[in-house]
Amino acid sequence: MSSSVAAAVSPTRQALRRARKDRSARLGAVLVVLLVLVAAAAPLLVKLSGQDPYTYHLDLLDPARGNAPKGALGGVSSDHWFGVEPLTGRDLFSIVVLGLRTSLTIAIVVTLVTSVVGTLIGISAAYFGGWYDAVASRVFDFLFGFPQLVFMIALGIIVPAGFPRWLLLILVLSVFGWASLARLIRNQARSLVAREFVEAARSVGSSGWHVITRELLPNLLGPVLVIATLAIPGYIGAEAALSFLGVGVPPPTPSLGRSISDSIAWVYTGADPWFLFFPGVALFVAVLGFTLLGDGVRDAFDVRLRRTT
Amino acid sequence: MPDLLWFVIRRLFGAALVMLALSFAVYLVFYAIPADPAHLACGKPCTPDRLEQARHFMQLDQSAIQQYLSFLKGIFAGRTFGDGAAAVHCNAPCFGYSFPLARPVTTLILDRLPITASIAIGAAILWLLFGVSLGVVAALNRGRLLDRLSVGVALVGVSTPSFLLGLLAILVFGFWLNMVPVNGYVPLTESPVDWAWHLITPWLVLAVLQAAAYIRLTRAQMLEELNLDYITTARAKGAGETRVVVTHGLRGVLVPIITLFGLDLGFLLGGAILTEKVFSMQGLGDLLISAVAQLDVAVVVGVTLFSAFLIILANLVVDIVHGVLDPRVSHG
Amino acid sequence: MAEPVLEVHDLHVTFTTEGGLVPAVDGIDFSVAPGETLAIVGESGSGKSVSSAAVMGLLPSNAATTGEVLLDGRELIGLPNDELRKIRGNDIALVFQDALSALNPYYSVGWQVAEAYRLHHDVSKKVAHRRAVEMLDKVGIPDAARRVDSYPHEFSGGMRQRVVIAMALVNDPRVLIADEPTTALDVTVQAQIIRLLDDVQEEFGTALVLISHDLGVVAEVADDVLVMYAGRAAERGTVRDLFYRAAHPYSLGLLGAMPRVDVPPKPRLTTIPGTPPSPGSIRTGCPFQPRCAYTHLVGERCITERPELTPRPGEGDHEAACHLGRRPEALL
């Protein structure tokens, strides 16, 4: 009934209008903006706090309690806003905000890489079809059937020590990440290829490149945006998990996952649960914010992501 | 039924091919490793001579293809490294031999599997029950309090990394409330009660997190399903709401749920890596992580292939169940 | 005329939507007697399908139904769901437009027909199965005993619609509501299905409510016709009243849009200009007025005053809701 009115408005405008009404999407957007601001301004914030993530403050530790921080809340003070790390006394605020920066940077770079690669391969597979499509589909199946986490950990054994770990993380997450986006986009694109306007463009002699960039891509930007947004929290979690398992970014670069891993002993003994609290909350909020935003974007664009072909 | 039988045979054949391709790929990747495992075995001082000996003993002096073929042969016929008194036997099915641990990989995996399987299967049953029932309840009460509650629980669930919730559970239930053991594993055969008691926290943690995805999936599918014409047909026939939802609605939802369930369980059986680390349990994931640290290639390859095998197996089972559940798949 | 088995008086159905209250059915009356066929005719969105769903109590929870629906004099509106359930599929059965989506793809056709029987008869599965075979045979499915275990996707469109009809008739309902039963079918198959409906009606003495926009079908099987426009009755009468003495410009438009063989061919088929109004968008005056070619003969009243059904010359209770007192055709 409202279609006659809505027809005059572009899909993007409609989506924005729907998103503004969605309370949880708004919360997600606010969280994401805050997270990105904190991550972007992390070095500045650290400077503002007058600390850095590397300096040891052994004087703030209590040797009687196994070198847990002195004072309440894991040693929270006006100097150390989130307290200090047990055993080393490094400033936890610096570690958390810089760790968040690491997490988000890796997740966003991986999302960009997988979106571009996945979109190109997905659309081209749908457009060209034939053996190319068949091979692409087999590759998707192969990557889905792969024990990804196991393999990512196992890779640690064959990559030379000199190879930068952050780059390895991005590569590994991208290699296993692009296929799910490519498959979804391929299925969406396939239904488009069968439609008349693509047929029409082909029949007047448009080149494949023209059809893909001018006809298919604009119609698939919505789904790509949705899938990419929904994928970000997954990559944040994956980066944290790998760092947690000791195969992420190496110390002393701050990382939320590694801090959480380091906190295990302090949680088991109950000596310093705050060491888990601050990085844990940061990680949780990061994943939650992007999940809410992703759900909101999906609902707003009303994209149904069919898994079947 | 011959339709279904053919369908199963086709899928079995396909799965075997994928497994073969995968094992070859994994083997090539890991034997291209720059660090030489023979270095670790050659002892000190490591003269070029002794290194060569070690390499020969471990059969690393053969070409990658040759090594792969001996690996395949070992699965069916077993392998022997070296000869004479120093010879090491690895009985079929031999998936490699760990020289650092001086044990066949097959034995190592079988030793660790019960722990991982205990974690995975117990948790899987819980999350399937939680997830599907809450998802159905949410769909039937769309927009009302129960729905919002379920959706909220699901949202927190998908937003919490498992290791974070695991540590939180240990902190609260293990340390503060002192209710449950925080780590360790007791074999089922030793004491079923202690076994379950030690596993209850990892089970619940995994179940709560995984259930989230199942709540979301079940709810979305159920809402879609309940709008279909054949649901109206069932009502028009005079079926009661319970029958409409369970017999007619849930049946269609089952296929995507079982697909997800099979894959999740397959992944988890191949190593509940994060959970094992949080709860200090020596399962397959722990075996893998220590093998990586010790450059124990045979174990790394073995565990990788084993988890790949489980995933392929899970895919196969899912496909077959799909064929049984959905007549459109298996009948022409 | 026999006593009506189903009577509907002053039926109103209002949907509560985000945009406010939408009256989909705005006060209609009809009745149908055993062995008789009432056709309800109108464009999509005219409220004909909503009316049938309202009779069955199958509307979603955001719809409010008022008026009277009497089955053998018993009021159905406001009946508890449990009581309605006993009537659905047993006393009143429904045949849907699209048999493919109306049948559950996961169950065999025999199971679905047997289920309809078992919901209202306390019999064993075996007896119900036998009944299903009998019904499938009766609706003309060849080799019913073998085909009973096939799944919906293994049937052609026409055969599927026969299955749906078998399912609707399995409990010998007093009233059969067929909602566009032939729209999704090929022309030749359409004729077969219509003949089948006609035959079973004769055999069982069922009262048939045929919802259709196909006047060819209506002319063939209907006794009485109700023409609906924008949720209201535009005209009602016997099938001959409508085809020879149509009094409402809209009915006339529908007739003009239908190819005929019994009258001299017109230069071309006419269409009704414009599109039907969305429900509730016209609050005053005649809902058909914006598309009506005769408004100028009446004037202001068409815009300010809503026309009520008034008697017209014809075979019995021929009525039309039009301010124009004469037959519009004569004016052309």
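A, B and C label the chains in the order they appear, each numbered from 1.
To be clear about the criterion, a residue touches a chain if its C-beta (ideal position, glycine included) is under 8 Å from a C-beta of that chain, and two chains touch if they have at least 3 such contacts.
The chain lineup, named per UniProt: B = ABC transporter permease; C = ABC transporter ATP-binding protein.
Computed from a predicted model, the values in this text were never measured in an experiment.
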{"item": "Top-ranked pair of chains - ranking by C-beta pairs in contact", "value": "A-B"}
{"item": "Farthest-lying chain, centroid of Cα atoms versus that of chain B (ABC transporter permease)", "value": "C"}
{"item": "Chain A-chain C separation of Cα centroids, rounded to whole Å", "value": "54"}
{"item": "CA centroid of chain B (ABC transporter permease) to CA centroid of chain C, Å", "value": "55"}
{"item": "Rounded Å distance between chain A and chain B (ABC transporter permease), as computed from the means of their C-alpha atoms", "value": "23"}
{"item": "Contact set on chain B (ABC transporter permease) toward chain A in their complex", "value": "18, 21-22, 29-30, 32-35, 155-156, 158-161, 163-164, 167-168, 170-171, 174-176, 182-183, 256, 263, 267, 270-271, 273-274, 277-278, 285, 288-289, 292, 295, 297, 300, 303-304, 307-308, 310-312, 315"}
{"item": "Touch list for chain B (ABC transporter permease) against partner chain C, complex", "value": "228-230, 232-241, 243, 248, 251-252, 325-328, 331-332"}
{"item": "Contact footprint of chain B (ABC transporter permease) on chain A as seen in their complex", "value": "24, 141-142, 144-147, 149-151, 153-154, 156-158, 160, 233, 237, 240-241, 244-247, 260-261, 263-264, 267-270, 273, 276, 280, 283-284, 287-288, 291-292, 295, 307"}
{"item": "Partner chain B (ABC transporter permease), residues of chain C touching it in the complex", "value": "56, 58, 81-82, 85-90, 93-94, 96, 98, 101-108, 115-116, 119-120, 151, 153-154, 164, 167"}
